[in-house]
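Before I ask anything, let me first share the structure, which is written out below as structure tokens.
Chains: A, B, C, D and E, in written order; residue numbering restarts at 1 for each.
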Amino acid sequence: MKRLFIATAFFALLVLAWHLLVRAEIWSPVLLPGPAAVGEYLWASLLDGSLASSSWVTLKRLMIGYLIGCLAGLPLGMLTARSNTLNDTLGVLALGLQTLPSVCWVPLALIWFGQSESAMLFVVVMGTLWSVLISVDNGVRNLPPIYTRAARTMGSTGFHTLRHVILPASMPYVISGMKQGWAFAWRSLMAAEIYVTLLSGYGLGHLLHFGRELNAMEQVTGVMLVIVLIGLLADKILFSPWERFLHRRWGLNG
Amino acid sequence: MKRLFIATAFFALLVLAWHLLVRAEIWSPVLLPGPAAVGEYLWASLLDGSLASSSWVTLKRLMIGYLIGCLAGLPLGMLTARSNTLNDTLGVLALGLQTLPSVCWVPLALIWFGQSESAMLFVVVMGTLWSVLISVDNGVRNLPPIYTRAARTMGSTGFHTLRHVILPASMPYVISGMKQGWAFAWRSLMAAEIYVTLLSGYGLGHLLHFGRELNAMEQVTGVMLVIVLIGLLADKILFSPWERFLHRRWGLNG
Amino acid sequence: RPAPAPDGLLRLGHFPNVTHLQALVARSFSREGRGWFEERLDREVRWFVYNAGPSVAEAIFARSLDAAYMGPSPMLNAYVRSAGREMRALAGAVNGGAALLVHPNSGIRTAADFRGKKLATPQLGNTQDVQARAWLSAQGFAVSLTQHEVYVLPTKNADQLSLFARGDLDAIWTTEPWASRLEMEAGARVFLEDRDTCATLLVARTAFAETQTELTQKLAAAHRELTAWISSHADEAAARVRAELRELTGAEVSAELLARARRRMTLTDQIEAVQLQTLLEQAHAAGFLRASPDLTALLRHCTSVRQPS
Amino acid sequence: MNDPQAPPAKLLIDGVNKTFRNSRGEVLALDTTTLAVDEGEFVCLVGPSGCGKSTLLNLVSGLDTPTHGRVLMDGNPVTGPGSERMVMFQEHALFPWLDVLGNVLFGLKLKPGLDAKERVDVAKYYLKLVGLERFLKASIHELSGGMRQRVALARALAPNPRVLLMDEPFAALDAMTREQLYADLQKISAAQKKTVLFVTHNVREAVCLGDRVILFSPNPGRIREQFKVALPRPRDINDPALSVLAGEITRALKSHTA
Amino acid sequence: MNDPQAPPAKLLIDGVNKTFRNSRGEVLALDTTTLAVDEGEFVCLVGPSGCGKSTLLNLVSGLDTPTHGRVLMDGNPVTGPGSERMVMFQEHALFPWLDVLGNVLFGLKLKPGLDAKERVDVAKYYLKLVGLERFLKASIHELSGGMRQRVALARALAPNPRVLLMDEPFAALDAMTREQLYADLQKISAAQKKTVLFVTHNVREAVCLGDRVILFSPNPGRIREQFKVALPRPRDINDPALSVLAGEITRALKSHTA
């Protein structure tokens, strides 16, 4: 209770200080819009639906791309961890591509797919896939061998071992890899949306970009707040349950 | 030896397939430049120095911003982990800002600092700082209490405990946080460079953007290769020694 | 990859910019339900707005556009990059509409004063950028991505104004309406004015021009008719341009600004082959293009080419 | 044992040795060793740390293969691990992603011929035997070290293997629990005629449980001496006769190591 | 001990109890307990798992504070941990980021009055005592469980504390190493008049080392019985007289638990 109060008080004070600083007009209002202006923008764009529709466009792109990336990265990561040949080929490729910020794919994606949803999806998938692949590979590779040995003595082989031992045992790595994949996907989508305007729908990144084009800093700030909010919610909804499960079952923290 | 050979053969085959596909002219040459064209571009821009100067500009921005982010994030993370009040205020703030792709800061940074190096630095610092802070906080928070308890019974207190027990004990988390901070800094710098042209120097992101502006896909592809190379080298040079140390001393993998 | 448009649909691209006069006027007709091209081609027309030539080229490469208004440099660039395959010019649209402006405090009086100064252009490799580099080279400055006797800085139009106002830029080579805005809002001085160089063209995707020859010719004809109409209905056209810009960008363009801008522009439906050849060579010299191929294929579908006499 | 009329040994370790290669060179973990174990026999392996006891168990389980020699079960070469030879590892090797019941069920699910209900009943029976009937749903990390060892014991016993390979199974238990389990293990192995290889550091434990106690010495690991334990069963660890034999074996152990 | 003329007890646990609060409610880990330990006395605590032995050690070390009552050392209240009461934890609690020597040096560096060379000499002396002189530079994860416990022992002994609090220090050791350390620990604590609180599951170990053996019973944890061990020192764990007393204590332990 007391801690909640401190946190609330802190953020209220922060907003108040922000408001007073802007009111004092130390800086020009274009440099820093006040909380009132940001609030107004948020309210107005909530009412006219532009915020909701942009958030939906962005989330749809993110979800689909992320899902594809995870669905491909999981089995590929398992494979590269179990086969030396795959690891020396696909694994090395993944290592290289993982260090490539996926926004760098944007020019090629635009040429290949046009200014279309597919281009965005491609960028998001590139952001997710390699990072998930590598985390899963790492997780499986670093499994204590005792688990598979124990399973083998109990008669488990092949796919049964994969499904009932290797997959659950590498869970903590898989979750943290998926979390990192999410962070990268989110970052690359925002970067791509800010960088290119799509014909097929304006996402939050576009709103941000338009805010800059119009020198409307209250729009920029408002959209940033929405992005933070979505990020926090995604974390809560997508990953917290898994982490709580791991914590409870394995006694792991984080 | 055999594995090295397989890897080499695989990548040689990949390049060959790429070459043949382009030669077969299945796609228009704007869609996919051949390895020969990419090689030519790389060679030419190595000779005229533009590649080296851009890499240097990018690396300088990255290094300075990353360093600032780490230097600020490390002590702040320790503090938020040790103090409930700081955690409920600064910690919550950091959690929110960490989910904000730091490319979203670009519009504000441009207004605040102009199209200058400071704007780029700001974006890179925002990319590094929060992620390092949170990892360090996590690391310190999840330390097995047995270490500090043991140290206290041996007469260690206050700063001595911080310096000689908490800091080294949270090393694995700190390293992985710094690694993630690096990945975010690298991604945000690329996104920012691609998005805005600076008056003070062209980085690799700018070369990529210019490649797109000129529809010069061999330049885009060439610069992407350089980015991958730098990413891999940075990983090798910055993090591999630490990870090897952890592996050797703690018996950790990864 | 996006499929070619279904029959009965024509996809046209343009900028929300006064130098795309024909597009703005035609689109304002479409908005009233009596579309200029729709009526003459018996097609549904869908308009797409871009703000940079390379995006138009990307869209054409990706087959998501059939025809577009765009500047000559990006068009040439796309033509050369695709080894002459993807891009065809149909007609001229607007000439001129560009100027080199200098900051009153920059101390630039003569061409020699540009040494060490910062000169902004709208975009790397666009028409003004190529021209600026060519002009600077002609004045004896070494300018390239690594040589900076004059700093040529590709900067977005939106950013140019504020940077210029803050004194971060000494000179700007740009198009209308930015040139006039710089004059009116930032006190910029005109150093050079360009009323003649090709600024906007009507182009088409090769596959479109070759498979739908008749439609292509009808499109060019309608465009020529529109150009003539704008010349003869200057006031109504100006009103339509202002209204259309308000619709597209939400920003008001004052009548004075438009008039000032309009004075620098020359309407045309012709393409001067020599100008294109010159631009091509300049782009080649600036290092943007590695080859300067023959332009015959580019102009194959254009019926109004003015060849050198 | 070499009588041609006798049935073949249940387990025959036949001239086996095992070399490990590590960064500093080769380690001869187990020197050439021959050992025959009869059906239903309970054999205890005793010896100082690093003398190759775990290595031998791994070879018999089929998880490792000998550098030379062969391991036979019922006269057939052992080619890999199998559920007829259940292993209890020195580390507990429980699966942290399953609860206590889930861990015991894991091996049972791989055994054909049982339906879901029967499996749960069997698992519960063995968990009750080790005194954990109240922890069916507990997570592994919530258990104390001794409780984990007991879960591992239940997991190894539940599929009713013919051969049990146990590596210091009782090290983390307190004296009372341990005595209870000595009694239970003797009862089970006698009733079901199990063949057991049992590694321990505790000589009294070895004498209490084993039909035979085998002494190892290290560097390289090899068998040094064998003791038949002819005491009547069930045996009590506090029986003075047992202490006498244990003292004798301890002295032998010291003499080999010194 | 209650003689007003006698010097105050080295350690006085005075009417102490300790309650833990967890998700399911409160646990009375240690019921009201009073215990006085004289200077130079070696007291062993024995009792089943969960009876509050570690809890008591934590209270004496100053790492935890009692819910009621007080802990006095030399007549002064204990307010926090200090290097005059060195603890050997049930888990080994070694620092993985330091090598073996570094771990032993950690406590020595916090002790004033030694220069670098002397510190290394002291550390090496104690590492030699526990038989690890060849592992000075080894990483902790490279050691076996028994070796880790021996490093922890050296770390606790090296700063030469007046009071030693040891929580099952010898659980992971094999019999031979253990016997060696019984002898060394008796020698050290006698020579330096150390006051020792020693927790173990092994009754024979308690009888071998302790001047007094204290029996705990669980739920809630409390002292049930005390035994003076009057056998002459140094004692050998295999001494029959010791076995007799151990048997008696074991029976008492069982009767309290049953």
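Quick notes on this structure:
The rule we apply is simple: contacts are C-beta pairs under 8 Å (C-beta built on N, C-alpha and C of every residue); 3 or more make two chains touch, one makes a residue touch a chain.
Just so we're clear, the structure is a prediction, and the values are computed from it rather than from any experiment.
Contact with chain A and chain D alike is made by no chain in this entry. Just count the C-beta contacts per chain pair and the biggest one is A-B. Inter-chain spacing, taken between the CA centroids of chain B and chain E, is 49 Å.
Centroids of chain A and chain B (each the mean of its C-alpha atoms) stand 16 Å apart.
Per-chain CA centroids place chain B at a distance of 39 Å from chain C. Contact with two or more other chains is made by no residue of chain D. Across the assembly, chain B contributes residues 30-31, 110, 209, 212, 215, 217 that each touch 2 or more other chains.
Shown for chain C are the residues that touch two or more other chains, namely 58, 61. Chains touching one another, given as pairs, are A-B, A-C, A-D, B-C, B-E, D-E.
Contact residues on chain B toward chain A in their complex (touch as defined above): 3-4, 6-7, 10-11, 30-31, 84-85, 88-89, 92, 95-108, 110-112, 138, 141-142, 180, 183-184, 186-188, 190-191, 194-195, 205, 208-209, 211-212, 215, 217, 220-221, 223-224, 227-228, 230-232, 234-235, 253-254. Residue ranges of chain E in contact with chain B, taken from their complex: 61-63, 80-83, 85-87, 89, 91, 93, 95-99, 106-107, 110-111, 139, 141-142, 155, 159. Contact residues of chain B toward chain E in the complex are 146-147, 149-156, 160, 164-165, 168-169, 171, 248-251. Against chain C, the residues of chain B that register as touching in their complex are 28-31, 48-50, 53, 110, 114-115, 197, 199, 202, 209-210, 212-217. Chain E contributes residues 48-50, 144, 146, 171-172, 174-176, 201-203, 238, 243, 247, 250, 253-254, 257 to its touches with chain D in the complex.
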